[in-house]
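Submitted below is the structure of interest, expressed as structure tokens.
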Amino acid sequence: MSNKLIINDLECFRGEKIIFKRLSCNIESNQTVLIRGTNGSGKTSFLRTIAGYINKYNGTILFNDNDLHHEKSLLSNFQFIGQKNSLKENLTVLQNIEIWKLIYSSKKNINEILEHLDIGSLLNKDINSLSDGQKKRVSLSRLLLSNSMVWLLDEPLVFLDEDKSNLLANIILNHNNGGGITLYSSNTDTNLQYDNIIKMDDYAVL
Amino acid sequence: MISDLFYMNGYGVYVWSAYFFTLISFIILYYYYYSSLLKKEQELKNLQLKNE
Amino acid sequence: MYFKLPNKIIDELRRWLPILSLTTLIVFLVGLYFSILNSPPDYLQGDSMRIMYIHVPAAWLALGSYSFLALSCVCWFIFRNPNFNLFAKSIAPIGAIFTLIALVTGSIWGKPTWGTWWAWDARLTSMLILFFLYVAYIMTWQSIVNKELAAKISAALGVIGFINIPIIKFSVDWWNTLHQPATISKLSAPSIHISMLTPLLIMTFAYILFLATLFLIRLKIEIIEQKILRANK
Amino acid sequence: MQFYNLIIRDLKLAFYSSTNFLLAASFLILILILIPFVFGSNVSNFSLLFRGFIWISIALSILLTLDRVFNSDYEDGNLDTIILTQIPIELIVFAKFISHWIANCIPIIIVIPLAGILFEIGIQDSLNIITNVLAGSPGMVFIGSAISALTLGSKRAGIYKTIIIIPLYIPFIIFGADQESSLVLLGLSMIAGVFSLFISVYSLRLYAE
């Protein structure tokens, strides 16, 4: 099952100001793309535009040759994980995951997901008692819950130390092997392997 | 004549307090908005001068 | 775009403002003369009935301004022309003040006739609720930071309020028949004798002129604020 | 299928942060217990007092849990995620309405017959009150949720929401306290339902994009 994501001369706005323009690339399935750029160069807006959070943009985004601007139903194939973990602070890890499971109405069993992200031990702890790294890993569990093909991760490695980012690495690996695509952004060079790179500064409008 | 105008056989205090309240609020309303209109117009004029 | 058209009219009217304010004052003084000096006291309520001349027009205009507000909100939804929002935004505080005046003069009038400052009379209660609706509308503009959003929300609120006025009126009247001791109904305008009608009509006319003047001033302020906003952007 | 999941999700959300699941019922019990101390124990029209306080505690519990309807999801980004799962917005909003009603009004309806015994309210009266509450409380929940959706973006949300909602609750409170007007209440709820659905969808589209 191979997917294609084609973006041609995409222009994003922040308010009235254009952040970047003429950004084009096409990504095949089983590929990971790193989005490099300084802070404020539009990495997050780029990811959010693909994920469908922002619908004011010029240019076209094609997923398997259908334009996302018109085929809104395809957006459920995209999963965006931002820096803001949308977790319910006063609930426990297990409760949060249960609630997400209902949003995505996914059939996957939770234990398997917990192993992948090594958060099995934190199940009954309240979110506000976790460290940022642990919170990020819990927030990443949404990727495994939702059966979306394209993963869009905004600065996923920020709070993850060495061995935890390996966890993320092999999650992305078997996601891509299953025909998935992953795009993740970072403002420093990372040890997470990637197939090609988009430098935001090439397209930035200052 | 004047005194019973204010007295109004007993109802004067109510009638006059009601009228007083209405008149005062009208005057305050008018004054407040008229002065802020002039202030705004002045602000606009300065802005336009600044832009030229 | 439509935006230019009313600007010209309003600038034109702006020059008439001093004359308009003057005529309002004159009509008001004439109204005062009639209502205080030149009309007979009511045979039952005596002179306290003179409060009616300032209470009833305020109540009418309070409801009238809200209908105008709601109407411009509806028009904004239909025609999407930002001017309608400015109309609604300008009329709101004026309508709120008229409601307040109606409430205060109504309760002052109530003291001699019922012996209490406040009675849960159907019309006074609806007037109190109307005051809440005004405050809600005005607060929308203040508490929502992003102005385009505030425009949309306040328009929706104006319409919601308008739909609710008949419902509230209906339920308050029905509730009133349930708990209404017979004597309170006296506050409804007593049998209007011709000599009492003239001061009432003059005062209403004076109120309308005053409303028009204030509305013009408020609208001009709002338009200037729009221009300043756009200039700084 | 996802529609029920959304309702279950909200109910779990309410149940897990158990503070506001039992809020409604505890409100009612607290107020009812205070009545005899305030009005003396041999008050003649207990049933009118009882009836009135039920409606007041429904209104209070809805007002106090208002920001759990849309705000908490809106602030932590879950609302966008839910909308992006391409479930029609009308269903999302309707699921929110129903789950909010269950979390708020079902506990009160359960408590009414029990509390009725405290105030010598016969079974007949309790049933009558329950039908009234079943007819009227959905409307109040719809209005409350619609206004909370409308005011997602406002800073001073608390007081401001209550000022908008109180006038809209007055018809419900008036007819709620009367014995035979459950049909009128049902009508009011339906009108409120239609408008609230329309307004909530409008404001969700406004905030989500």
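Note that the chains take the letters A, B, C and D in the order they are written out, and that residue 1 is the start of every chain.
Keep in mind that, in the parts below, a contact is a pair of C-beta atoms (placed from the backbone, for glycine too) under 8 Å apart; a residue touches a chain by one contact, two chains touch by 3 or more.
Every value quoted in this text rests on a predicted model; they were computed, and no experiment measured them.
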Intersection of contact partners for subunit B and subunit D: C
Per Cα centroids, the chain farthest from subunit D: B
Central chain (by mean CA position): D
Whole-Å separation of chain centres (CA-atom averages), subunit C against subunit D: 32
Centroid spacing, where centroids are CA-atom means, of subunit A and subunit B in whole angstrom: 61
Inter-chain centre distance, subunit A versus subunit C - centres from mean C-alpha coordinates, in Å: 54
CA centroid of subunit B to CA centroid of subunit C, Å: 16
Chain-level touch network, classified as line, ring, star, complete or other: line
Chain pairs in mutual contact under the definition given at the outset: A-D, B-C, C-D
Residue ranges of subunit D in contact with subunit C within the complex: 150-151, 153-157, 160, 163-164, 166-168, 170-171, 174-175, 178, 188, 191, 195, 199, 202-203, 206-207
Interfacial residue positions of subunit C with respect to subunit D in the complex: 129, 132-133, 135-136, 139-140, 143-146, 149, 152-153, 156-157, 160-161, 163-164, 167-168, 170-172, 174-175, 178
Sites on subunit A touched by subunit D in the complex: 51-53, 55-56, 72-73, 75-76, 78, 82, 84-88, 90-92, 95, 98-99, 102-105, 142
Touch list for subunit B against partner subunit C, complex: 5, 8-12, 14-15, 17-19, 21-22, 25-26, 29-30, 33-34, 36-37, 40-41, 43-44, 47, 51
Subunit D to subunit A touching residues, read off their complex: 1-2, 5-6, 8-9, 12-13, 16-17, 72, 76-78, 80-82, 84-86, 209
